[in-house]
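Labels run A, B and C following the written order; every chain starts at residue 1.
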Amino acid sequence: MRRFLPHPLLTVSLAILWLLLANQLSAGHVVLGALLGWLIPFATSSFWPERIRIRHPLTLLRFLLVFVIDIVRGSFLVAWLILKGPARLRPVFVEVPLALETDLAIGLLANTISLTPGTVSARLSADKRTLIVHTIDTGDAAALVAEIKQRYETPLKKVFEQENA
Amino acid sequence: MIDILLSLLIITGALFTFIGSLGLARLRDFYTRLHGPTKATTLGVGCLLIASAVYFSVRDEGVSLHEVLVTLFLFITAPVSAHLLAKAALHLKVRSLASTPAPDATTNPAVQRNPAD
Amino acid sequence: MMLETVIPIAFTLVSLAFLLSFWRLLKGPDAPDRILALDTLYVNTIALLVLLGIHLGSAIYFEAALLIAMMGFVGTVALCKYLLRGDIIE
C-alpha cells in the first residue's frame, strides 16, 4: 500500500488542483488528474522525506475556520491602522518560543502568523527554537505571544505532532 | 441580487488593494510597510478573484472555479515572500522604528562558509 | 446594471494603488523596500487583469493572471535570496 501510494494526501490535492486548472469535471479529466496525482509524488519523492499524518481532523477544521476568520479580521485591522495614520503605531519585535518540532508545523505556524492580525514572522533562529515576529501595533507584547501560542500553536501541535492520541 | 453581491465584492476588493498600497506609500519604516501588501492587498485581490468566479459561473451557467486556484496560490505565497523580505531586511539591518532583535549569525550560512570574505 | 458603474470606480482605485506602489519603487530608500514595491505591483497587475476580464466578459485573462502570480512569486524569492546570500544559485 505504502509503496504504491506513498503520499495519499498529496495525490488527492494534485488531482483536485488539476480539475481546478482544467475548470471542468469530465470523466477524462478525473482520470488524467488521478494519474498525475499518482505519478508526480514518485517524481518528487526526494522533496517529501516524511509522511504527513493528520491526527485530529476536527481540530484541523476548527483551526482552518479560526484561520479564515483571522485573515479577514487581520486585513480590516491593518486597513484601519493604515487609514488612521503612521503616527500612532507602536511596532515591536517579539520573540515567540516554539514548542513545535517538525519543519512542516513550524512552517505552517510562520505562515499563519504572517496572514493573521498585525503580525509578520520575520526570522527563525538557527536552532528552530524561537521565531521572531514583527507586530505593527501592540500595547502588550507578552499577551500577544500568549495569544499566538494558544490560538495557533496548540492546535497545530495537536494535529501534526501528537503521537498516538 | 447577484449584481449587488458582485458590486460589493468588487468594491471591497478594490478598496483593500488601494489601502494596501496606501500603507506601502504612507508608513514610516520598512517593517510596518510590510504589513499593508501582505494582508490588505492579498485579501483585496482575493475578493476580486472570487467576484470573477461568481461572475463567470452565473454568466456561463456552469461552475467556474479556476479563479480559486489563483486565490489559493496568492494566499500561500504572500506570507512566504513577506517572511523572506523581513529576513532580508533584518540581515541588511534596515532602519526600524522598533528595536531590532540581536543578530543571529548562524542564520547566514554564506558568512559561515567563507569567513575570510 | 450596477456593475457598469462599479467597475470604473474599481479601475480607478486599483490604478491609484499602482501609482502609490510605483512611487515607493522609485523612492526606496532601501533594496527591500523596492522589492516589496515590485511584489505589490505584480499583485496589483493581477487585480487589474481580473477586472479587465470581468469588464470585457472574457475568461482568457485568467491564464495570464495565473502566470503573473507564479512568475512574480519566483522573482520576489530570487531577489530576496540575492539580498540574503549575495548569490542566487548555490
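What we mean here is this: a residue touches a chain if its C-beta (ideal position, glycine included) is under 8 Å from a C-beta of that chain, and two chains touch if they have at least 3 such contacts.
Everything numeric here is computed off the predicted structure, so don't read it as measured data.
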Label of the chain whose CA centroid is most distant from the centroid of chain A: C
Which of A-B and B-C has more C-beta pairs touching across its chains: B-C
Middle chain, criterion being Cα centroid separation: B
Averaged-CA centre spacing for the pair chain C and chain A, given as whole angstrom: 23
Whole-Å separation of chain centres (CA-atom averages), chain A against chain B: 15
Inter-chain centre distance, chain B versus chain C - centres from mean C-alpha coordinates, in Å: 10
Multi-chain contact sites of chain C, meaning residues that touch two or more partners: none
Multi-partner residues of chain B (at least 2 other chains): 20, 22, 34, 42, 44, 64, 66, 69, 78, 80, 87
List of chain C residues in touch with chain B within their complex: 1-3, 6-7, 9-11, 13-14, 16-18, 20-21, 23-24, 30-33, 35-37, 39-40, 43-44, 46-47, 50-51, 53-54, 57, 59, 62, 65-66, 69-70, 73, 76-77, 80-81, 83-87
Residue numbers on chain A that touch chain B, as the complex places them: 17, 20-21, 23-25, 71-72, 74-75, 78-79, 81-83, 85-86, 89, 91-93, 95, 110-115, 118, 120-126, 132, 134, 136
Footprint of chain C on chain B - complex, ascending: 3-4, 6-7, 10-11, 13-15, 17-18, 20-22, 24-25, 30, 33-34, 37, 41-42, 44-45, 48-49, 51-52, 55-56, 59, 64, 66-67, 69-70, 73-74, 77-78, 80-81, 84-85, 87-89, 91-92, 94-95, 108-110
Residue numbers on chain B that touch chain A, as the complex places them: 16, 19-20, 22-23, 26-29, 31-32, 34-36, 38-40, 42-44, 62-66, 68-69, 75-76, 78-80, 82-83, 86-87, 90, 96-101, 104, 106-107
